[in-house]
Structures are given as C-alpha cells and as structure tokens.
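Shared chain: subunit A. Partners: subunit B in the first complex, subunit C in the second.
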Partner chain A sequence: MTINKRRMKNQHKIDDMKKIWKDPVLVTTILFLIVTLAIFILYPLYSVLKVSFINEGNFSLKAYVQILKDIDFRQTLGNTLLLGVTVGILSTVIGFLFAYADAYIKSHFKKLFKVVSILPIISPPFVLALSAIMLFGQFGLITRQLLGINNANIYGFKGIVMVQTMTFFPVAYLLLIGLLKKIDPALEEAARSMGASRWVTFKTVTLPLLLPGIANAFLLTFIEVVADFSNPMVIGGNFSTLATKIYMQAIGNYDMAGGAAIAVVLLSLSILLFALEKFWIEKKSYVTVTGKASRERDVITEKHIVWPIDIACLLITIFVLSFYVLVPIGGIFKVMGVDYTLTLAHFKYVFNLGLEPLKDTTLLSIYATPITGILGMIIAFLIVRKRFVGRSFIEFTSLLAMAVPGTVLGLGYISAYNTKPLLLTGTGLIIVIAFIVRSLPVGVRSGVAALQQIDPAIEEAAQDLGANSTKVFVSVTLPLIKTAFFSGLVYTFVRSMTAVSAVIFLITPKYKLLTASILSQVDNGRFGVASAFSTVLILIVYVAIAIMYFGLNKMGVSKSDDNIL
Partner chain B sequence: MKKKRLIALTLTSLMVAGIFTGCGSKGATVEKNEDLKLTIYCGLMEDHMVKAVDEFSKETGVKAEAVRMSSGEILGRIRAEKENPKASVWFGGPADAFVQAKEDGLLENYVSDNAKDVSDKYKDKDGAWTGIYIGYLGFASNKKLLDEKGIEAPKSWEDLLKPEFKGQVSIANPGSSGTAYTVLSTIVQLKGEEEGLKYMKNLNTNIKSYEKSGTAPARLAGQGEVMVGISYLHDGIKYREEGMKDLVLTAPSEGTGYEIGATAVLKNGPDQKAAKMFVDFCLSKKGQELGQTVGSYQFLTNKTAKAPALSDEIKDTKLIDYDLEWAGKNRTILVEKWNKAIK
Partner chain C sequence: MQRSKGVNIKNLTKIYQTHGGKSEFKAVDNISLDIKAGEFVTLLGPSGCGKTTTLRMIAGFEIPSEGDIYIGGDKVDNLTPDKRDTAMVFQSYALFPHLNIYDNISYGLKLKKITKAQLDEKVKNIIELVGLKGMEVRYPNQLSGGQQQRVALARALVMEPGVLLFDEPLSNLDAKLRVYMRAEIRKIQKKVGITAVYVTHDQSEAMSLSDRIIIMNKGIVEQVGTPKEIYYTPATEFVADFIGTANFLDGEILGIKGEIATVLVSGGVLELPYRGTKKVKDTCKIVLRPEAIEMGEKGLLKGEIVSSTFMGAYQDYVIRVGDNEIKCEDFNPQVKTVYSEGDKIFINFKKENAHII
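What follows is the complex of A and B.
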C-alpha cells in the first residue's frame, strides 16, 4: 500500500517535472535562480566557513580552539542568549499588546499606534541607541535634568534591552496583527454566546489559536536580536554580543580567522532557530492559511478592557516617540547634554561632506528595489504554485538570508568576491547584491502569504486557455498580488537605505553609504552630526514611502492586510 | 524537446554571465583612463581626510578619492584584497596596524625624500611606513563632575586607583582598540609584566566600562558620562574645541605611551606613482599642517612643521621609550593575560 502510494507520488513528481521541462522560460528561470542563490547566498557563507578553518594556508581548528579558550567568548555567548530571550519575550508581549489593541479593541489612538509600530522599521538602527544615551545617560535629559540622578548608567544590558525592544517589537506586532485579523470571529462569538467571559474566551479560544504565532514571533525577534550589530555597538558598553564580537575580533584585533569562527557559531545558532521556526512552528500555524475571516469583528468596547490597554500602549507610544523627537533636536544643539547652544554646524557638515554618501545610498537602494521586488514575487510564485526538483532549495536559501547576521554576510562577501572570476569587491554591484539578498526574504514571505490566499483555479483557467507560465505570471498572478509586491518594494528601499552591518565591509571611495558615515560619526563621538545625518536619512525614507504610496493610489492599489508597512 | 533544453541552458548561462560582465566592463574603463588617479584608504577623521585629499588634488592634479574606515577595517580590507588591491595608499591610523601589514607583506617600501625630516623613531627602517603624526596618551577628565565631588584631576597612573574614582574611569577594551592596547602595553613596559597586570586588575575596580573604540573614553568624559577617560590627549582637545567645554587634560607623571600615525604605499596597488606623490605630500610641511585647520591636534613628525598651538599645554608630557615592535609581537598574548587578570 505504502509502496504503491510512494510510487504514485513519484509518478506525480515525474509528471510535474515533465510539464516544467516543456516550458523553456520556466526552466531557465528556475536554473537561474538556483545558480544565483547558490552564488550569492551559499557561497559567501561557505567562504566564512573556509576562513575560519584555515591557518597559514592549512586546514586547522586553531581559531576554534582559541575562541573556546577565551573566557570573553563564553561570556559573550551567554550574553547573546540572555539578550535574545529577554528582548524576544518583551518584544512579543508588547507586539501582542499593540496587535490586540489594533485588531480587537475600539482603541482611541489606533492611527498613532500604527505609526509608532512602523517608525522603528524605517529609521536607521542606531538612532534609538543614540537617543537613549541623550535621554538616560549620566548627563541625560531625563536622568540628570529631570530626576537629578548623577551617576546613571545606560550603557550595557539595560540599555541594549530597552533599545532593542523598541527596535524589534514591530516585527512581532506585524506578524501577530496578521494572524489576529485572520482569526474567524465566529469562534470567539460561539464561546461568548455560551456564557464564557471575555477573559475565559481569550484564554481558551484566542490564545490557543495564536500560540504558534506567538512562538513564531518570539523566534523571529530572537533571530533579529542576536544578529543585531548596531545597537550593541553604540550602547553596549561592557556588554558584548556575538555580532559585535565578530566585528571586534576581525577588525579590532586584526584576526579574520577568529572573527570567522565566531561568525560560524552565531550563524549556526541563527540557522538552528530559523529551521525550528520554519519546519516546526510554521507547520502548526493553521490560522494563516485559512484565508480572510468571514466577516468583520465586533470590537471590544467595554471601558474596563479598553482603557487599561489603551493607556499601556499610549505610554509605550509616548516613550518611543520621545526618542524620535530627539533625533532632529540632537542635530541642532552644539553638544547635547553639555552645551545647549543652537547651531546649524552639524547640518552644514552633512551638506558639505555628506551629499555624496546621500546620493550613492539613495541611488544604490533605488537599483536594488525593483530587482528585489520582482525576484521576490517570482520566487514566491514558484514556491507556492510549482512543483519541481530544487523547489525546497530555492525556498530555504532565499529565506535563509533572514537568519544570516549582517556582519557574517558582509564578512562572507568580502572574502568570497575578491578573486577572479567573481571579482566584485570595490564595485557598486556588490553593494546592490547585498541589499537584494538582505531584503529578499521579506519580499518572498509577503508574496507567499498573498499567493496562498488566492485560489489557483484562476491561474489554471488561464493555463487551460493556452497561456504559458510567463503569461500566467505576468497577466494573472502579478496583478493579484500587487499589494504584496509594492509593499515588498517599499520594504526593500527602506531596508537598503538603513542597512549597516552587511555593507560596512563593502563601502568604497566610489560608493560611500550614509549609514557607514553615521556610524563613523558615532564612533568619533560627534553625536550632533550623526543626529543631523539621521534626520536627513529618515526624511528621505519618508518622502520615498510617500511617493510610492501616492503612486500606488494612482494605480488603484489599496493598503490592505497583506501590506507589511 | 532537446532543443528547448538547449535554449534553457544557453539562456541561463547568458543571464549568469550577464551579471559578471556587467561589472567587468566597468573596471576596464577605469584602467584606460590616462590621467593619474588614486584611491586612498584613510584612518583619520573624515574632515581631515577630505581636506588632505582636496589639497593634494589641487596641488598635483591627481584625481584622488578616499574612504574612511577604522584601522582594523583597513587592515582586514587590504588583506582580503591582497590579490587585487583596490587602493594604493593607506593614510593615517596607528603604526601597530602598519607593522602587522608589513609582516603580511602588504606594504611597498618607499622612502620619500621628505622622510629625511622625520626622526628615525617615527618611521620604519625599511620605509614600509612613515609616521605623519604623534599622539600622547593621557587623561581627559570632566571638571564639572570633579568639582561636584571635590576631587582633583588624576596626575599619575597611581592617581587613577584612588577610591574616589570608583566606577568613574573609562578606557577602551585592549582587545578591540589600538588605543587601549597602547595603554596596556605602556603600563607593562613601565612596570614589568607582573606588576603591570596587577595594576590593570586594580584599575578594573574603578572602570565603568571598557569601550569598543579608543576615542570613546574622552568623549564619555566630555559628555559627563564618566569623570575620567583614558584616551589620546589630542582627542580630548578636539572634543573640547567641539563644545565639550568641561574637559581638562592631564598626563601621567610616570611617563606615558604614544601612538605614531603612519602612512604607507600598498603593494601592487593600481596607482603606484600617484601613491608615492601622496606620501610625499603627507610628509611635507604643508601636508602635515593641514590637520590642525580641521580639528586634528596631534603633534607632527616633520621637524620643520609647526605643531598645533592648541597642543601647547601638553607638549611637555613625559614620554616613555615606547617599544612598538615588542608591543606588536606580544599583542595576542598580552590581551589574553589581561583578560584573565581582570576576571
């Protein structure tokens, strides 16, 4: 019986493959994708592995022995795990609170909450860390001026947790809001009409339905937290994490092999979690694939539920906003905390010396945006709609980049593409490729999510009428998932404009990047200039998003749930 | 059927090939250009770099471009680019990184005519690198904080151990910062290994945090995050000039270590001729005096160049006879011993 089944399955596979072979464009695309993904995602990772195992030209475990002996490394590993768990839990809780307020409650400040949960995604990563120092440092506005505390210390664990939670709770929010909106209200109403209280309904219906989603949100934030480089770099103080340690070992200590060995450790950790998320939890989450809820939910209006949640969210919102208000303000004072003389010097500096990075960053991001968008949709289409050998390879590799910490990817890029035939270092192309690889997973994810809600029958109809795969994709699939496509575009642009860790090894005199400029200003202690740079960067991103949305409205694409921004 | 497969394969290879030729052609056009060009990796402050590159281009007509990175980034970069160097000059950054690069065979020996004005102490004997400036280690303290507690600024390494400074001293991590490693190696050269490490262990109780970059301690003191930062004194001057007006600078009476900022021609770099012109320029009186116009206040290596007026207050600092070579050779071991000592 089972043998028969297996044979049938195999027969199916062969049939599917045969169908695909008949379509040269499809085969070409698939082969192209496999080769490209292997070259630009797997090969650099392999290079990191290689660097870590080679000492003076021979295979050696010296780098690993060295880091294992290092007390500092063990502590760093512990730090990283502790940080991941703490921020993961906090972000998930806050993200859930916001998602719940958004989807279930007649909240008074819905719009405001939405803005706040998106702000951290579109701003350069270390902005929050800078503001945290200005607010809570020993000379901080709140700690010193308001509370009169003389020896506040924001550097270290506390500071990183605060800043990273603000940075990453939107990840959890966006994931959970999608799920919450897709829970069919009928389930909860059934419980309610049988007499269950709101709390009991929440505990026995909503929460169990969401559990896989919550675990998923936790793991995703965990992965992002351990990979985060800029926040610990700016506000970490004594507290080092694996991502910063890679940089410090490879760059500060002139020890590439040691840095690569730590990178391999971090990479294994991330991939492990990613695999866990992908193969275990995602399979359990049914809510995502049932499609849209049958009808609108009646939002909760009871005051004793609405107000506490509203107030909690509002407090967090004010807290986050106060950080952002400080960014432009930091740019107009001489030295925050010390000399409150108004000055335009920082902005002048930006416009005298910073125009080139500004131009380069924007231009390279613009190049990366459409490529990522189209590539993401094609991959999503293939994963969801086609069955072929190498499909899981494409799926896993294209999503893998999400789990690869930027520092590791950057290290891989510089060691992989410096010899012929793949001599790419020093070109703008390598930066564009790094941008694409970093943003691809989100494009693919939103494409997959959108496609899963569309009945394949529509596409099949076109196929039956004689359209080939290309025709089907361009004239049926793409129009149906254009929202996901455009939000993928926006996301790519924003991610590219604000990327730090992956590209810090790739900048050249020809192509300077804004974020690298900001980081080197932070490094030199010129917070004023860094704030001015960040202000300009945030403005560009805002304008770009506004233009894209304007374009979308003109083209009749509405913002909907599939939209990640 | 076979035909289709063939089409598919050709298309794939074309698409893949397209990626690479795209960048290949770009490189070729650069080489064809007859004018002299120069790519510089620079470890200095950004405005210093821009100024120097502009002046150099104005004087020589060479089209020079530079990018700023930390010295570790530059070393990592030129190591990775060894087969196909992208830059021809390394401009600025501590000499220990240059010593390392020389050992790896990444530098081209070049003795500039202008190097005759540079004391032997400040240049490599083979001409692999030449010093362009010197920075003294010292203490940058926050006067406001000191006054609040009624403490005097530290005047010696011993002063730093005073209990009043508990949790109020900042230094960078010798594992990641060349500046902090210079501190560690200065202490060990002053006191001997055992005593030196014991001193670092005692100092540990007063340290608030081990920062990642060497300029951070002076900045933290300037911002009032700590009372005392151990940094290069010229960084302290720079921060004070930029508005951190509470900074006071002192140097240890026992003697202190120093850094030599260097420049070098990179081996097999694409623009050797322009690179040598640039090194000549850096070592000239004019090239050296540029820094002080844009906020870099190090002492200069060219005997004929005028040191910045602002660094007058620290010019009498007592220096030890810092052994750069010893420091470079013992880096890994010393940092490891230090890590164990402070735990």
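What follows is the complex of A and C.
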C-alpha cells in the first residue's frame, strides 16, 4: 500500500516533469536561472561564511571570539537593535498617520501627502542625511542661523533616527494604506450601528483588524533600518551600526575575517526578522482574509478629527520637503552656514571632475535595468505558472536576496570573485550584477502579484492556438504584465543609480560611482559639491522616471496608484 | 471541407496530489473512449467528476499519469498543446485583453505559414459566420458576454482544428443567451462538420447539443449513449438520477424469459422489458420518469397521495408506493381529477416507460 502510494506520488511529479521536458527552451531557461542564482546569490553568502570560519586554512571560531571580545562590537550590536526598534516604532506611527489620513479622512492635502511619502523611495538614500547636517549641524541653517546654537551636534543616534524615520516611514505607509483600503466599511458601520462611538469603533474594530499589519510594518522598517548603510555612514559619527561596521572592519581595518563574522551576525538577524515577517505575521492578517471592501468608505468630515490629523501630517510634510528643497540650494551657495555667496563652482566641479562617475553610474545602471526587468518577469512567470524540480529553489533564492543586506552581499562579492575562474572584482560586470541582484526580488514580487491576477487560461489559449512557450511569454504574458515590468525597470534604474551599500565594496579607480563620490565629498566636509552631485543625481533619476512613464502612457498602460513604486 | 478527426482514449488515468502531497486522488480513473470524426460528444457529470481533466488531457494541458490519447489515429502523448490539432473554447473565454477582436481571432493563424491574404480571408469568413461583423477593432472588454463567447468560438474555429474542445463555454452567460448560443454552436458545428468534445454539467445543454453523451462520475465513465438512450435506458442509478428527474421503485426479479422480466414491486407483479445481466432473485430498481405516470381508480400499483401542489402547467404529486415515494407531474390539471393529500389511488404507466436497473 505504502509502496503504491509512493509510486503514485512520484508518478505525479513525473507527469509534471514530462510536460517541462517537452519544451527545450523552458528547460534551458530553468537550468540557466538555477546556475545563475546559485553563483551570484548563494555562492557569495557561502563565501562570507567560509571567510568568517576559516583561519589560516583551518576551521576556526577565532573571528567570532575576537569580535565578541570587542566591546565596540557589542556596542554596535546594541546600537543596531536600539535603532531598529526606535525607528521601527516612529516610522510605523507616522506611516499609520499618513495612511489613516489618506484612507479615512476628508483631507485637503491628500496629493501632497502622497508625494511626500513617495519622495524618499525614489531619492538617493543619503540625501536626507546630507540635508540634516546642513539644517541641524554645527553650521546648520536652523541650529546656527535661526537658533544661534554654536555647538549643535547632529551626528550620532538622534541624527540617524531622524533621517531613517523620514526615509523609511513610506514603507510603513504603503503597507498600511493597502490594508486600510481593504477593510470593509460595513464592519465599522456594524459597530457604529450597535452604539459604538467613532473612538470606540477605532479602538475595538479598526485597530485590532490592523494589528498584524502594524506589526508587519514595524518589522519591515526594522529590517530596512538594520540593513541601512548610507544614513549611518553619513550622519552616524561615532555611532556605528552592524552595516557600517562590516565595511569599516573589512575595508578600513583590512580584517576580512572579522568583517565576515559581523556580516554573518547581520545576515542572521536580517533573515530572522524576514522569516518572522514572512511566515508568522503575514499568516495572521485578518484583512486579507475578509478580502475586498464591498463599497467605498464614507470619509470622516468632522472638523475635530480632520484638523488635528491634517495639521500633524502637514507639519511632517513641510519638514520632509524642506530637506529636499535644501539639496539644490546647498549646491549654489559657497559654503552653507558660513558664506552665502551664490556660486556655480560646485556644479562646475561636478561637470568637470565628476563627469566620469556620472557617466559610469548611468551607463552601468542602464545595462542592469532591462536585464533585471526581463529576468524578474521570467522568474515570476516560472514561479506562478510552472511546476518543476528546482522551482522552490528559484523562489527561495530570489526571496533570500531580499533579506540579504547590501553590505553583506558586497562583502560576499569581493571575497567570492577575487579568484579564478570567477575573477570578477574590479570589472564593471560585477557592479552590474550587484545592481541586478539588489533589484531582482522586487521585480519578481511585482511580477508574481501581476500574474496572479491573470487567468492562466489566457496563456493556455495562446498555446492551444499553436504558440510555443517563448511565443506565449512574449506575445501574451509580457504584454499583460507590462505595468509590473515597467515599474520593475524604473525601480531597478533608480535603485542602481542610488545604490551604495553593496557596490561600495566593488568600486575601483576604473569604475567610479556617483554615490561613492558624494560620500567622499561629505567625508571631506565639502557639502556644496555633495549637494550639487546629489541634485544632478536626483535630476537624472526623475528624468528617467518621466521618460519611462511617458513611454508607458504611449503604450497605453495606465499608471495606477498601486504601481507608483 | 473540414478535415475533422476522431479521438481515441485508451485506459486514461490522471492522479493528483492533495493535502500537500499527503494523499492522492484519481481525477480520471482508467477510462477509454472512442469519438468518431465529425461527432458532437459531450462529457457530462457533476463537478469534480473528471470531465474537465479529461478534456485538458486531450488538449495537452495535463499530462496523463497513464494511458494514451490518439487524435486522427496518431498518438499525441508526446505533443505539447501547441503541436496538437485541437482548439479549445475556454470557460472564461480567455480572450487576449491586449488585442482587438481581429487580432484575437487571427492570433493562431499568424503562427501558421500562410499568406496575409489567406489569413485575412479566413478571419473575415469566420467573423461573418459567428455574426461579429463590424466588431473587428473593438477590444474584448467592449463586448457583451455573448459577443465575447462568439469571439472565443471564432478564434478556435478559424484554426480549422481536427477537434474542437469546449470547456463549459456557456456557463458565464445568462439563461436566455445560453439557450440561444447552444443552438448557434450546434448549427455552426454541423455546418463545418467538425469533431467537437464538449464539457458541461448542464444536462439540458448536453441533451440538446450532443450526438452522444458520456456521463462521468468520480473519475469513471458511467454510461455512453445518445441522449435518448441515456434518458430512457440509464445504465445506473447515478445516470437515471443525474439526467432529469427519476423515481425509483424497489423490486425483486422473479423470473426472466427472453427480454421480459417478471418483477415483484410493492405487492404487485409486473412484466417489464429487460436486457440486463441481473438474475432471478436479484433485487432491482425500476426507473420511472414523473411524466410517464398516470393516476386513476384502478391500475398497476397501489399508492397514497402524500402531497399535491398546483404548479400551473401541472399538478405536482408526491405519492407513496410501498416503501418508496415517487414524484408525478400531471399536466393540464384544469380538465383532470385533482387528488388531495391522503387520497388512495392507483398508478399506471406504459411498460416501455419502465426501465429496470
């Protein structure tokens, strides 16, 4: 009986594989993906592990013992966790406030709130940190000019908390707005009709329904904070986090083993948080169980609720916007806070000496963009539509890449590809690959979401009419998910142009990156040049986004709110 | 003009895993079928009976766990759907939302090596045939359900496939349109003379469309036959119950002589036509359709009225006969004796209306 059962189970797998084997293109694609993902995602991580555990050719825990002895490391670990919790809470609260204002309140500034919550996502990661120094630093516009404080110090914990909250609250906002919009208004109306006041309804219905979502938002921002490299790098001062410590240890102190050991700690933390988010919190969501709202919600118009929320959101909005406005302004004054002479010198410097990183970054990003876009859609297609041996490997690996902090990946790349046959360090190729791996998971995820909305019968119809699997993918699947495809392209380009954490390990004199140039200008205290660089970078990114959306509109794809990255 | 092909299915089995691979489920269990070229055959059965799985195995979307499929005499087991000479009309229509009607219909032809002029002619002819002229440049979301259905049909027909497959194509239409479209489908199928395999759970669809009906239940074939055979001489209780309304009277076979069986039914002894395999002393059931029963002061079997309901066109009775309760529909009650609850009556029926299973 059991033998028969086992035979039947195998039979089923064989049926599916039979189907795949009949399609040579499909088989080749799958094999190519498995090999590629193994080489560029798993192997670097294995390499980090290896470096951390090997001392003079033998297995050893020396690196771990050393970092554990190091008071500095323990301090760093504590810093990272403290930062994660603090920023996680703040971001979730602000994200919730914005989401609530968007979904529940008849607000006057909805559009503005939306822009402000999208801005940090499509901006270089350290722009806010840069502005924070110019506003609140020793020579800060607000601290020195407005308040007359001479010894203001923005560097350290409070600075990081401020800029990271501003950077990551959109993550919480986007997640919570999705959930809030899915809550069926009938549930709240039912509570109201049974005599609950607005506040009681909020406390006993809305909030409990949303609680798993709030926990999820907290964890997601926690993950982002822990992995964040550029903000602590710019504004951290002596306050180091695991992500920056890896870089300092490996590159600054030439201690690869120590850096790798810290990387393993950071990676474990990230994967733990990620697994928690994925398998525990996601399953607890009530909102996704009840599904779509039956009708539109009647928004709250009572002044005593609308005004306080509106004003709170507006203040935050003005605060965030002032940071962005300051970037180009910082580029046109001689020295912010000291000498307010208008000058084009900073921009001249960018276009003379900074032209090379500008060109390199843009070119490498342009290479990475279409490859990531197409690869992401192919992987999404395979995961959603096909059953084959290795499918869960592909799904898991592309998901894993999302959980790997950039610095860990960067360290993995320099330790994995500095020997033959994969001698890639120092090439532009490795930077392009890093760009691809960093953006791929999001592309895959949006592709998967888009595909799940589409009746598989449409693809079957095409195949039934004589199209082979390549033809089906190109003529039916891709056109149907082109919105996800294009937003994947935009995301990849933006992400690549503004990448810091992974690629900071990979830059060489031959390939200079814009973000690294900005960082070194900040390091040298040349905020004017850094501002000019950032302004140019932001302009390139926005122009690219505009071009891609223009192209999208031409091709008849509506840019729905859900897809605005 | 149509090069239609027959379909032969030999010992086809499909096993699915359920509960995350812990147990298996035979969706299709060792079925064999022969469908002749040009025939309209319907796979009929309740949901989960394996009819759609069978259809999808013919199309090539599902790989059989065991067994072989032949189309036009050629084994097609190793062909992917795009290489098989079949075209399918999907339940959800599966029209390409990004292509207009013309491009939807010509999608498959463009993959064939034919000239632009030939393609255009074929598409135009088919658009005319299904009555979609003037709609060519519209998109699927600009059409009504019935029109989308026609596009789906046209898209399959234009391929001039050896076999046309239908997967519950009318289930998304409203009742009136459904009746109209099934007449259309039958008309077009006869006109082009194509082999059609049609999956449905709607018995009236199956009855009105098919040359032959294949009744499936739990992965096996219960009966294959013309609509009349299926209705009048159901092979099993399941078939009798699934097609139309059936009454069952428990009986015992007292004797069999040639093609006549003597049966004891609730105190009465009846002589009824029988060609089955049951032997003397076997229990059996007698299938009686509600419209075949008449009531009177005397007759074949004694009964008592349990309920009597005026339905307009007919008086609806439930009658207790022995241990069984049967339904009877007496049409045009205005000019007939109407019995009421508790009345003792006799039931009558023509012997050829009674079928022993």
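Here is the rule we go by: the second predicted complex is superposed on the first by the 482 of 565 C-alpha atoms of A that agree within 3 Å, B and C clash if a C-alpha of one lies under 4 Å from a C-alpha of the other, contacts with A are read in each partner's own complex, and residues count from 1 in each chain.
Methods note: a contact is a pair of C-beta atoms (placed from the backbone, for glycine too) under 8 Å apart; a residue touches a chain by one contact, two chains touch by 3 or more.
From a predicted model like this one, the values you see are computed outputs, not experimental measurements.
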- request: Determine, under the contact definition given at the top, whether A:V65 touches first (subunit B), second (subunit C), both, or neither.
  value: neither
Query: Is A:L207 in contact with subunit B, with subunit C, with both, or with neither (first, second, both, neither)?
result: neither
Field: Between subunit B and subunit C, more extensive residue contact with subunit A
entry: B
Query: Is A:A38 contacted by the first partner subunit B, the second partner subunit C, both or neither?
result: neither
- prompt: Looking at the overlay, what does A:V389 touch: subunit B (first), subunit C (second), both, or neither?
  reply: neither
- request: Identify the partner contact of A:G525: answer first if only subunit B is touched, second if only subunit C is, both if each is, neither if none is.
  value: first
Query: Who does A:Y155 touch here: subunit B (first), subunit C (second), both, or neither?
result: first
- prompt: Is A:M248 touching the first partner subunit B, the second partner subunit C, both, or neither of them?
  reply: first
Message: So in the superposed three-chain picture, is A:K22 touching just subunit B, just subunit C, both, or none of them (first/second/both/neither)?
response: both
Message: If I apply the document's touch criterion, which positions on subunit A are contacted by subunit B in one structure and by subunit C in the other?
response: 22
- line: Per the touch rule above, subunit C residues touching subunit A in the complex are 14-17, 21, 23-24, 59-65, 78-83, 86-88, 90-92, 94-98, 107-108, 111-112, 155-156, 159
Message: Give the list of subunit A residues in touch with subunit C in this complex.
response: 5, 8-9, 11-12, 15-16, 18-19, 22-23, 455, 457-458, 460-468, 471, 475-476, 479-480
- line: subunit A residues touching subunit B in their complex are 21-22, 24, 27-28, 31-32, 35-36, 39, 70-72, 133, 137-139, 144, 150-151, 153, 155-156, 233, 236-238, 244, 248, 250-256, 334-339, 341, 349, 353, 414-415, 418-427, 429, 504-505, 507-510, 512, 517, 520-521, 523-526
- prompt: Given the complex with subunit A, which residues does subunit B contribute to the contact?
  reply: 1, 4-5, 7-9, 11-12, 15-16, 19-20, 22-24, 26-27, 39-40, 45-47, 50, 65-70, 72-73, 75-77, 79-81, 83-84, 86-87, 97, 100, 148, 167-168, 173, 175-178, 208-213, 215-216, 218-219, 222-226, 239, 242-246, 331-332, 335-336, 339-340, 343
